[in-house]
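Here come two complexes built around subunit A, the first alongside subunit B, the second alongside subunit C.
Up next is the complex of A and B:
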């Protein structure tokens, strides 16, 4: 049946038009044409501007007639467009009155905030034409895809092992040997590696459209170009970064990304996106007009009473997340990624901003966060908050959550780093972190999977650098080493930077293994930084946000060079997958509620059943009762983990294994590889059933069987 | 874009010549629907197809689905390296089996290989 509204009703300079539908916002392919719809509550007029792909000048400017406006929405269908070869923008008329929050400028061509595809930076690193009047160009997108039955995986949260990665860093180095380096397609080529490693979830640093040339400059130190490499600065929220696709130059980045997600899902790997809703790439008063500020500045941004930009993001502006319009945009955006791209979950950058009101004050029940928590389309998505912002709000343990939100657990990172380094007074904190941080989450009725446990992430040192540098070495960033965090809790093991000293290198490898082991035996969701499994270094740079070069790119020759470390990671990850006792959703009750003769978890020291909480104590051990695995719903081995972060060896008196079983060594980080770790099922019997010697700064993992 | 059809040993051969893009795809789609018997075997000869866009990929996918629905069978022949690569990394690589030459495609269809 042919719809009666599929015919033009008006013409303008040869273009056939009809009134459009206000919803959905954006450009939508309809029978015979494209429906363009854009919102502005303060504009007094709007024109649609059409370009042929890549052309410097528009081929048409079509004003929205008054009768094409419904409420504050301009909507129009333009017929017979070759929409695959069209780029569109808007010109908005309205007051330029910054004190009142308005910055309309009829000379600017503005990108659609709802653009599903964005051109202008189609190929990564290709210098743009800076004279182009329209830098970031909205395109009409094909959003159909043959998913071949794919569906988000919905792996239970507590069973995830997250691997945080940067699309470009992962395969850009020539040693990656992939055909399409630094792209979505490159990730597909590396799926066998991810499977071999054993992770079942990748968390992608921002893949929304951004401008790698934003604040691009030449490093005075290295002479290399510095870029907006990480991309924590959105141009558009609905469009993938075209330069991350090998086919971006053909405008096929959407399909390439969907193919990547489909292939990852086929291999049991979920995909989380790091989403940056706290600010945009438009910066402060001095920044460029890309979209939002020219369309409806007063709506999209948090403004001071005299019209300046609040800067809770540290990036010049703050998205007005709890304005109802912006809130709806964010919600619609996430729904779009979940439904059209089959994304499994989201990590929200500087998420505390999402809980501030329009004046910047933190709210008790922020409507945006509540909407996301209860949204039906997002009902099975993982929602993860980076529970702080650059305005001083720190909400680890107190992020508004409605039982749905998890948090990057910064306290886990800080406490475990200090413990591994040998700082005193951390035994009590380590108990909390290993148990899934009940001190932060249990009292609110939140599960262990509220805690994303990590020791390293993109922000800060890699794990290798954490044990190789006392201080940051960010000179290459061209800011006189002022940028980046100063309180990394790192320790160089006696020498700053790379060394040939075998003793130091052994200690560094051991410290990495200690960190990974504690991460993998802790309740909550472990997250590993991509490259840590092969000892990747950034040469002490703890803020490589601008380094599109070997500092950031993974050197795949390390897989072979550090094969012992890679082997340790693989087996430790396999150990976590094999043992449900490490992955309880509910917090421990610290009692025996199944009649096994052991509490679900018990804590020990160098003496069994006794913990030394004194300031100088650096020895602690836990016993995880297998009969209590997953709250007693499944049967697992009983596991004992001894952690000695003292610089001397200590004997740990062992609690008795369950009747009829013996202790077997699964891992001992003090032992020279390959006998530092065994395959699951091949653990080696312990000679002395009553005591295990734990070397200086070492962790031993025993399994009863 | 030119769409032409020949028949060899009861197998239809469709030759697509030129650019299969947003401009040419709607017409190509119409012509394919008009020319082809979707219940039988088809070789889609891409040797003269210089470029395929998102819209073009969707023409091929639609053709594959239509053939599958009607009990037909299709294979591609003569894909250029770049076109084949683009199809693979955008997720359209499994739409049809692909052969270097039309003769190989014909032989495969004759044997019933997919």
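Up next is the complex of A and C:
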């Protein structure tokens, strides 16, 4: 059957046209041509501007006829386009009246907010032509892919071990030995490493299109170019960052990214995206016109009553997330990534902004967050909030959730850091954190999976730096060390920075192992920062957002140099996978509800069955009853974990193991490798059944069997 | 230069020779040629690509089409690809099903 709408009805300067379909928004390949659709509530006119790929000047400007507009949507099919070699933009006519929120400018060529592919920064770090009238160029995208039967993995949330990484940092160092460094293809080459480590989920720092040259400058300290390296500043929400693809220069970043996801899925590894819907790269009143500002400023941004930009993001503007139009864009965007890229879940940067109304006030039931929680396409996606914003809203434990949203648990990070450092008065807090933060989540009926536990993430020190520096060393960022957090709860173990002192270095390694062990035995979802498993350092820089160099790049020679540490990480991760008692979705009841003779979890100190909650107490132990694993639905070993963060050795009186079983040592962070940790199943019998000596600032893990 | 191509079927083996650039200009034509083979018994498809200079997204999709709709149960060979073309094929995941070799033996 021939469709009659596959033929042109109009011509304009030789271009064959017909009225387009308003939905879907964006540029869509249709029989014979491309359907262009864009909305603006306040524009008075619109032109489609077409460029040949990379050409400085457009080869066509095609106005949308009045009869090509439906409601506030301009829609038109242009036939016979060589769409693989075309870039398109829009010129919008309308009032320039900032006080009323309108900033239309007919001299600007604007990128489609729904662009699925964006050129202009195709190759990472290639100096752009700053005279180009159209810097970020929308392209027509193929959205088909041969998935070979792949689909999102849907690993139960509580079984995840998340590994946060930056696409470029992971393989850009020449020691990575991959063929295409710093790219999606490079990640594929490192999948065997990820499998060996044992993580089953990677969380990618932003991969949406951004401009690495945004606020680029030369560091007055190092003389090196500083970039917008992390990418927390979106140019386009629907397009992957072309410069992260080795094939970006050929316009195949979508295929390369999809191949990466497919290969990760084949290897049992989920992919989460860190998404930044709180602001855009257009900045404040002084910022550039890229897209939204010139298309419909009043709709896309939160504005003060006199037309200035609210700045809850700390980045100049705030996306108007609870405007119905913007809300739909965000929903469409996430649906697109979930369905077209098989993304397993999303982590929302400064997510509290998504719960503010159009005047910036926090809402009780933010419609955007509710829509995401109940959306059918996103029904199996993990939704994770960074539950605070730069405007002072802090919602850890109280983020609107509908039983669907998890949170980066900043309290876990802060309490465990202080405990490991040896701060007093933390025993009670540690109990809460190890149990999956019931103080934050149980009272709302939220599961332990609401808590993404972490000690380090991209924001702040690496784990090695957390135990090597008292203070931040961000001078290379060129901001006189003013940027970055000042309350990192770090401790340098006696010397600031690298040292040859073997005692200090042993202590640092031990502190890292202590941190990882507590993270891995805690209920909730553990997240590890990429590189921590090999002792990666940023030389004390706790805000490397602009460092596209060795400060950020993982040095893969550390895999060999710190092989003992890597071995510890691998085995501790394997331990968590092997023991469901560490991965309960339900909160503990602190009682014996299966008749095992032990509560599901019990707490101890240097005396069994007694916890010293005094201010100076730094010793605590837990016993996890294997019969209560996964709420008593499966059988597991009983596990005992003794944590001594005092600077003196202590003997911990042991509770009796289950009848017929003996305590075996799985890990002791005070012991010199390789006897610091054993393979699952090869734990070593403990000589003294009644007491275990736990070295200063050490953790011991025992298994009953 | 856009692509030149030749498609031959002998003894259940399809030989496809492609030269130049396989992109939006040339890919639809090659797709049409391959469509003519749909429904035929095919054991092997062999792309001779020694003189293929560039392959675009549209070009990749012709090969995927060949696998999915023409040589469903066939082995698919990709012979003599230049490094830049082979790189693209690998990075976009086509090497999962393509048998990439320098030379072809009957």
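Just so we're on the same page, the second predicted complex is superposed on the first by the 705 of 705 C-alpha atoms of A that agree within 3 Å, B and C clash if a C-alpha of one lies under 4 Å from a C-alpha of the other, contacts with A are read in each partner's own complex, and residues count from 1 in each chain.
The working rule: a contact is a pair of C-beta atoms (placed from the backbone, for glycine too) under 8 Å apart; a residue touches a chain by one contact, two chains touch by 3 or more.
All figures in this text were calculated on a predicted structure; none of them were measured in a lab.
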(message) Looking at the superposed three-chain arrangement on subunit A, would you call subunit B and subunit C a clash or a fit?
(response) clash
(message) I'd like to know which partner A:82 touches here: subunit B for first, subunit C for second, both or neither.
(response) both
(message) One more residue to check, A:246. First (subunit B), second (subunit C), both or neither?
(response) both
(request) Based on the superposed arrangement, let me know which partner A:66 touches: subunit B (first), subunit C (second), both, or neither? (result) neither
(message) Just checking: does A:500 make contact with subunit B only, subunit C only, both, or neither of them? Give me first, second, both or neither.
(response) neither
(request) Considering only touches as defined above, state whether A:146 meets subunit B (first), subunit C (second), both or neither. (result) both
(request) Touching subunit B in one complex and subunit C in the other: list those residues of subunit A. (result) 82-85, 142, 144, 146, 148, 180, 184-185, 188, 246-247, 250-252, 255-256, 258-259, 262
(request) In the complex, go through subunit B and note every residue touching subunit A. (result) 21-23, 53-55, 57-58, 61, 85-86, 89-92, 94-95
(message) Considering only the defined contacts, which subunit C positions touch subunit A in the complex?
(response) 23-25, 54, 56-58, 60-61, 64, 67-68, 87-88, 90-93, 96-97
(message) Help me check something: in the complex, which residues belonging to subunit A touch subunit C?
(response) 82-85, 142, 144, 146, 148, 180, 183-185, 188, 245-247, 250-252, 254-256, 258-259, 262-263
(message) With touch defined as at the start, can you tell me which subunit A residues reach subunit B in the complex?
(response) 82-85, 142, 144-146, 148, 179-180, 184-185, 188, 246-247, 250-252, 255-256, 258-259, 262
